[in-house]
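After this come two complexes, each holding chain A, first together with chain B and then together with chain C.
And now, the complex of A and B:
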């Protein structure tokens, strides 16, 4: 970690929607302070100019979903001292990981006029399935203050304060009325990692699990409760397979709910 | 006048709120927001949930219309006075580098200036919870913010004549009647309030509300209403030997069964009016010239709560639930000389999967009591 001078920052994009990279540009007020402490050496979304590596910090957005990406991520790892994945795609495979439960060839034939032009892997997987990752920042998209916290902590040489407990913690701290209890709206907050500030429940909606499973997530209990309250199995499978469906324990529980053989007492 | 029962007209409630505001208080009372009755700042009696009630069950809360237009015909909501005395997030101090050679830092410990709050409509369980929090935050080592808000707080309490579905204050001997700590305690009758002052401050307030001494009949009616309330609790908990039973049975199989349901989401602890744990976090700015220390509501249900040099000492959800229940219902007695549970039912209602302290504790306790009886019987037979 550079004590004096600037750290060289690289921002990479893999299979993703660019929303997390936009969160960096969204920093607006803090961007100048950031530019003082780090040299933005590689960030194609923001500027064409590229400073050659190696880099001190690399931020990776996106999942690994093509053969080319599977190779490129290894190069990225080589040129970054500290590698941080940002967002649901990079940390869980993202929404495109839904293909992991489907037939990609069939999708190609349905969607593209010339499916033979498309070269993609059968699965979309998180970066950590391919290379060693130093820190995973969750969210779809990431919370820009958490991003700043990770960078600030890196620059100061301390551990980032990114809580891994439930969204309910943030929800209760902000004084919301629980949408599950008071409105009967299914909410994934109890099993989802905090980070968004309980955004959806603050607007009377259930949590969609953008930040993936919390450190103690027990989806089985919550889903059993949903079933008792009248949700059908396919609804539950769809709920779990959102932005982070390919992360455990969401993946396993959604598989169990998909197969008819599992019973819950 | 303190301790005697008076009658005040219902219309005086609005005057009471006005008087409190004129005295410089922020009046915090029950009001409807997002489908629940919550504590919030109010400016007039019109903002009270008049004619509404709450239906509460494990993991379930709904508002319903009453058949009358009572002002206080419901029980407690998701949050308590705790929010105001021990706010969910507070900056403790900030440090800024000043570039000077010796001291090097400026430390700023100023916190938000404590507001003067009049709590309107607090219930007996809320008062008992305050008493507990006083022992935590306002004892030998006082939390300055808590101490200041608490010192100036005016407590206008309401006796509960219709307990809710998850209430069990009579089991915990904290309600439904307000017996201490309040400045003024009201009991809502069909056509008036019965009012009792608990302090000089309460007496002075009451005097300004044109009180009429309550006659025998009114006194008798209030007694009857509160006696009947005590018999109509939605829940009950047999507390006999409960601390011993819980502490001596850490391996009871029922802990596992609860753990299979518990999500470790922490809603129970954050809505509990007596839970006092917090996280303390330091943050730095990007330039490394300023740092802040923040305190926020924490919970023994989080994994990080038991993190120390050697790792996590309570990594299983079973260990966390057991920690919570045994601390609340057993350890607290030793620590604070009273139970940590006041029987308000919030943790039951606001648990998203409806886990019920009274049920879980009773399941274990009954099982142990039965086993004890069986064992004693066997011993006697063998003699």
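And now, the complex of A and C:
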């Protein structure tokens, strides 16, 4: 365990929206205290100065989607003792992983006038598909207090306390009326990992799985239930292929529903 | 960041910043000077493309605000607002009062958090000679804690009415999923009132900074409304006399794709750069500020037209104070018993939306099919529109910067780029060309 104020923190960005690293700057009440506890050695969004590595903790935001990123993540792994991926892009590939089901060359032509200028991999993949990751913190975006918990756990040499049960647990604890039971609103809460505080049901909408699949999630039975309630297969494919769609068991289930749609309509 | 420069005796000088710091996303600056001539200025954007306009095709209209929010973690509300307005237009729906005003409230929250983040955490260190807010906090503790509290109050607006600060979940086509209870809104109102004195102090503080000389004949472009300072609606106007409806955006502006950037460059139809963002908005809408703010501007010596973008930090300060006052005014009238959204019936159509993101106008266009699935999406973010203007500003500023020692020259160029609060994550993934120009 490093001496207080001496642990060197690095924050890296790959293919992402910046929202998860912004969560650090959104810790308005804790930010200055955090800067006293750890040395923010590399954090381009916040600092111009860079302290050279190696670093004690590296936080990685973003997925791996270009040839340069696939090389750079290996260097990042080498310079960090403890590597934590933060957010859906880094832990699942993120929304840009939708390209994994598409033709990237067609995507390039759709968006850019000169597709030949664009260097991009055919897939956007989680960091753990490329290097060993010590801890994965889910969320689109991450919950900033969970992020603080992970950093605090590292600084005190204990395991981070991040629950892997479903959103339903948080939802019941908040005293919400179930949106699916009461209003028939499709909700991915039963198969989604907790972490947001059951935000969507608290605002009377169904969960859309920002925190990815929960421990032992069973999407098939939930999706059967959706179909009995009138959802069509393409609706289910879209629901599962959201911000964490490339994680199992979401991926396999959406693939099954897609092929069933082709077969049976 | 480390600047690499060649020996000063050499006739060719290069200023290179390989990773721009204190901006959102990944960019680099490259300047080459041959003799007295500035041979090349490039703001390289190597932020990887994420192809949003391609992946939106086939998605349902009700997913669009959730997906486009993910373009930018700093201004997700802007993406949600522009996409909702565009989809609503395609469906022939207009969201009227009181939801229209509550959308302005949500946007106030985003302006406050984004502007204060930029003013104090990202930009002020340039003016005060610090490499980051961490160093600045050691000497200006009260200023930084005041700024963090004000930023938090802005974030509280977004988290109460949007569900959370980053990627709000409570925005939908037609309005909101649910509206928070009045008691919660009253607590928020108190928090804003507590932070209002600091918001005014912040304006005076940024007005007292020392600004490098810069006087550009910008074409300012912003929205303009009949009586209000613009957020969600209006006509697109410019300081050169342009005055068009939002739906005509693509007739007056286009994007070009250059080799050094994964962001497309926005230009006017006749190929000129233009400026969007707080300074453009304020220049074009100064008369839309309340008299109390106009008199504060007179007091601090801020007058329009202001053509020095280093002073955009003052414009952000004024807009932050405006947003605090406007949010207070809206919350004082808040009624939680109204219907949170209109009922939406999808139909085929094309819709355009343009709203004022913290960094400037953000245009969206969607072609939606019968079942409410997106057929085609076009998104023009503010930083892509500003990119040619940033390079143009650098060309104009470099002669005075190059008279400085190398490290100082590099820092001033970075500061100039930060004037734009560039959001490189936003600017990359775009955009289909409407008029193609090769470089």
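As a convention for this text, the second predicted complex is superposed on the first by the 257 of 265 C-alpha atoms of A that agree within 3 Å, B and C clash if a C-alpha of one lies under 4 Å from a C-alpha of the other, contacts with A are read in each partner's own complex, and residues count from 1 in each chain.
The rule is short, and it goes like this: a contact is a pair of C-beta atoms (placed from the backbone, for glycine too) under 8 Å apart; a residue touches a chain by one contact, two chains touch by 3 or more.
Predicted model, so just to flag it, every value in this text is computed and none were measured.
The superposed arrangement places chain B and chain C next to each other on chain A without a clash. Touch criterion met: A:152 reaches chain B, while chain C stays clear of it.
Counting the residues of chain A that each partner touches, chain B and chain C differ, and the larger count belongs to C.
Put simply, the three-chain overlay gives an angle of 110° at chain A, taking C-alpha centres for chain B and chain C and rounding to the nearest 10. In the overlay built on the shared chain, the residue A:175 is in contact with chain B alone; chain C does not reach it.
When both complexes are overlaid on chain A, the residue A:218 reaches chain B alone and has no touch with chain C. In the superposition on chain A, A:117 makes contact with chain C only, while chain B stays out of contact range.
Contact with both chain B and chain C is seen for A:204 once the two complexes are overlaid on the shared chain. The superposed arrangement places chain B and chain C with a least CA-CA distance of 10 Å. Within chain A, the residues touched by chain B in the first complex and by chain C in the second are 204. Contact residues of chain A toward chain C in the complex are 13-23, 25-26, 28-29, 31-32, 35, 40, 44-50, 65-66, 68-69, 94-96, 98-99, 102, 104, 106-108, 110-114, 117-118, 120, 124, 140-141, 196, 199-200, 202-205, 208, 210, 235, 238, 242-243.
Residue ranges of chain C in contact with chain A, taken from their complex: 1-2, 19-26, 46, 48-51, 53-55, 57-60, 63, 66-67, 70-74, 76, 113, 117, 121-122, 125, 131-134, 137, 144-145, 148-149, 151-152, 155, 163-167, 169-170, 172, 176-178, 256-257, 259, 262, 264, 414, 423, 425, 429-433, 436. Those residues of chain B whose C-beta lies close enough to touch chain A in the complex are 33-36, 38, 59-62, 78-79, 83, 88-89, 260-267, 270-271, 281-288, 296-297, 299, 301-304, 317, 320, 349-354. Within the complex formed with chain B, the chain A residues making contact are 30, 33-34, 36-37, 148-149, 151-153, 155-156, 158, 161, 163-166, 168-169, 172-178, 180-183, 187, 189-191, 204, 214-218, 220-222, 225.
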